[in-house]
Amino acid sequence: MTHSPEELLISTLADMLAGDRHVAVGAASPIPGAAALLAQAEARIASGRRMHVSILHSRRHNPFTEGARELFDAAGQGRIDTFFLGGVQIDGQANINLVGIGDYPHLKKRFPGSFGSALMYFAVPRVILFREEHSPRTLVGKVDFVSAPGTSPPEVWRRGGPKALVTNRGVFSFDPAAARFRLESVHNGETPATVAAATGFDFDLAPRVGETPAPSPRRLALLRGEIAPKVAQFYPQFAARVWAIAA
Amino acid sequence: MTHSPEELLISTLADMLAGDRHVAVGAASPIPGAAALLAQAEARIASGRRMHVSILHSRRHNPFTEGARELFDAAGQGRIDTFFLGGVQIDGQANINLVGIGDYPHLKKRFPGSFGSALMYFAVPRVILFREEHSPRTLVGKVDFVSAPGTSPPEVWRRGGPKALVTNRGVFSFDPAAARFRLESVHNGETPATVAAATGFDFDLAPRVGETPAPSPRRLALLRGEIAPKVAQFYPQFAARVWAIAA
Amino acid sequence: MDDFNRMTVDEIAAAIPDGALLGVPADYSGVPMAATRALIARKARGLRLYCLPLTTIQGDMLIGAGCVDSIEAAAVTLGEHGLAPRFSAAVEAGSVTMRDSTCPALHSQLQATEKGVPFMPLRGIIGSDIAAHRPDWRVIENPFGNALDPILLLPAVKLDAVVFHAPHADRNGNIFIGRRRELATLVHAAEKVYVTVEKIVDEDVHASEASAAGGLPAFYVDGIAVAENGAWPCGLTDVYPPDDTALAAYAAAARTEAGFARWLADQGLGAGNAA
Amino acid sequence: MDDFNRMTVDEIAAAIPDGALLGVPADYSGVPMAATRALIARKARGLRLYCLPLTTIQGDMLIGAGCVDSIEAAAVTLGEHGLAPRFSAAVEAGSVTMRDSTCPALHSQLQATEKGVPFMPLRGIIGSDIAAHRPDWRVIENPFGNALDPILLLPAVKLDAVVFHAPHADRNGNIFIGRRRELATLVHAAEKVYVTVEKIVDEDVHASEASAAGGLPAFYVDGIAVAENGAWPCGLTDVYPPDDTALAAYAAAARTEAGFARWLADQGLGAGNAA
């Protein structure tokens, strides 16, 4: 069964969520949102276990009742196992920049801002960096502005941090002690060399950099049959584009 | 028109609330609660002005929607103008004791505890001390335990504090600079001398200590006609005793 | 199909271990009396009660039955039914340690845990004997002040468990708590969260904005037991009023240790008194 | 009989003075677009926006119309409609000062005022360039720690005013805000509170526990104006969805200053652009 690039990314992210009790997904994140719902469905099928998924963008899947602070409070309490962050720029030390390009505060190009990244990156045990565009423009040697640092000195309280970086070219893990990414797999059509050419920072290589596993037929069927209609409810444009379905 | 002792106290407290925007009344306080509702009705009649009255004991008159912390938060914000506090003991420096009699923690007689007094006494501009029993047992030279101090050193943040002490014998004002009470009026049948004999601390005398003014016929009619039925809804036993009405 | 961990009241009592720091709601806030009777029946021992911010018959019964080592609260009282007799007797005898606090401090120490911070500042309290007897509290100079400005810092408190009673849960395990947001504070600060409810309803608490505003999300909750009249003899807002006759009977009986023991026996809890 | 201070939308805009530190709700939280148009119409100047925690078209329009000196937020964006063009242009040109923050900090600084304390601690953030550019924030050593444990302290922020849009108020002046408790935080931290509503309803918001749980008490509110579709083109939860066509049209028009001016003129706000 063939799959789309988006379905590969959803499948890759879903693998990283197995075992979580509670996955939260921020705004404007259809692929992480679909991955969380897929992992939730698979946990139910495999073991009857309930995985909580909180998708801020969705009326139906947003469980919070104490206003916008509750996600951050829940993260502070250690109740969120995995969260997703992106970045206008991500550098080799996993620092992320959501603010802009240029010499802050005199930016050449202003982006929206840091959102809750400066807390979530510290408080959530597993943060998955997700940025589709994989180029020297997005994956840089040093970010122009640190919205949230990838690592912290030992005396600074930090429950979690970056565990992985997923792009449209491959999958990296992150070693906080070395403050370096390691390429774990490349998507179909890429090699470590093509990935390195598209990356603005140095990274390590896994002993064997394989191809990112394609979603199984069974997983694809679940994704298209059960998950896609749910995603269409809160990301209609994305669902229409990827699965040609309406909300 | 004759009035009961309770009606005199309600009337006396109501006089102290004129001009307030927001009066809050804690648990187990039928007389302060009735006084607040009376002052509210009189402000409406006099000028059409709305005085907010929050009575924690009442489902109907408790406006808070963020749980039990909201009263204290609102006080911290400076939104409560007057609050009432009592005490197992009150001393001449306006320290109040809601905890017990004896050498803390080895008390001879344990009472419930300090409730929110240790914040409210600082945060609310005008705190009215109200204790019906006026005896050397309740108005003491020095409290056995300071649930909340009557005065604070100048460097300690304090927006408000004790403004008056009302008992079943008279009305005192309080001078925080001198940390002393001053007898302002005595209830019918009392004199400064009988009050002094029943008081365990020294206090000053106003230039002319008059008799506590009796409620006017108009006020009594309002109290009995409009306020008493409201009080009966949340203090049925008190209303039955004082006004012989049922909820 | 229920999509939550359904327990019995006895299983909840068994899941709260001896010695636990246990969150206790106020009398207006869903008193878990069915679970309290189950704790007494299982002869719970060494409980440390943390009240938000006070307790009435729940704390008094647990103390009278010998389940409690210490209690932190702004007040322990039977309200209009008078002093809490087993509490007062135990404190006067020195058999239970009372950690005197004040309402906003009890809220703030849980809110610190709620926000994942190690402490919270609070105004007032300085100069009271409450502060004088709390070596776990600190006074610092306000770092943002220009002049001397002492302010109290209170350390975060994390509860081992909380149990409360609520009107209903839905089949997804969301709880309806209405305006009683202090229950959410207790929950956010607790390691384990158990809830007893009057009933399970079919309509999702999150279905409408009005209902959701009074909801507690399922992801906080470790187990739910159905216990009809589970707050009795305390009341449950908009569901049933307090049973003042039963509360008055308790207040009268509990004035003496013997009277309390008889009252427990009448409740089928005769073997629950202090070991 | 209405028992609240009824105002018009224009009176609300007039009551918010030039230079005010103005609370701004997020796009999911009752965006006061009618009041925003009235602020532009009255040529408000020098506003300092404090967003909880972000703003979309409201902040972008106010900036484009020259009403804003500075803005503090975790993000300014048109969401699925792209970057906020007037915001980005103004920040790039240096004509508006952006005070970059992060969502939980924006909540905590208002919660400090809510609790009447001078500061609140917050975890994380240390080592970010957000913290590096905020001289008003302090790092201290945790007084309760045993080892080195730096923690950020954030000073309390008191807003001069807040205005937001809500589904309804009752005749006693209570506001229904549903689950949007961040609106309560904005209110608690504001000197003056103005609300626009779709309608005034006869049933008291406090009448039932479910409705009261989504209520904001009247005593916080300084004035209420009825403004039907008052959040348009933003949505209002459970009342109407965002008008994506209008938002897309705004996003396209506002890409240039001239396009924005034409768009304002089409809204009858032609004279509102920067002086």
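Labels for the chains are A, B, C and D, by order of writing; each one numbers its residues from 1.
Just so it is clear, a residue touches a chain if its C-beta (ideal position, glycine included) is under 8 Å from a C-beta of that chain, and two chains touch if they have at least 3 such contacts.
Keep in mind the model is a prediction, meaning the values are calculated, not measured.
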Next on the checklist: Can you tell me which chain lies farthest from chain B, using the average of the Cα atoms as each chain's centre?
Outcome noted: A
Item to check | Averaged-CA centre spacing for the pair chain B and chain A, given as whole angstrom | outcome: 58
Item to check | Whole-Å gap separating chain B and chain C, where each centre is the average of the chain's CA atoms | outcome: 29
Checklist entry - Just how far, in Å, is the C-alpha centre of chain C from the one of chain A? => result 39
Checklist entry - Could you say which residues in chain C touch two or more other chains, in rising order? => result 104, 115-117, 122-123, 149, 151, 179, 181, 184, 212-214, 237
Checklist entry - So which bits of chain B are touching at least two other chains? => result 64-66, 72, 76, 123
Next on the checklist: Once the touch criterion is applied, which pairs of chains come out as touching?
Outcome noted: A-C, A-D, B-C, B-D, C-D
Next on the checklist: Under the stated contact criterion, what part of chain A meets chain D in this complex?
Outcome noted: 27-28, 59, 64-70, 72, 76, 98-100, 104-123, 145-149, 152-153, 155-158, 237
Checklist entry - In their complex, what parts of chain B are in touch with chain D? => result 21-22, 50, 52, 54, 60, 63-66, 72-79, 123
Item to check | chain C to chain D touching residues, read off their complex | outcome: 104, 108, 115-123, 138, 140, 142-145, 149, 151, 153, 155, 167, 176-179, 208-214, 237-238
Item to check | chain B-touching residues of chain D, taken from the complex the two chains share | outcome: 3, 113-117, 174, 181, 184, 188-189, 206, 212-220
Next on the checklist: So in the complex, the part of chain C that touches chain B is made up of which residues?
Outcome noted: 26, 28-29, 52-54, 73-77, 79-80, 83-84, 87-88, 91-92, 94, 98, 100-105, 107, 111, 122-133, 147-151, 179-185, 237
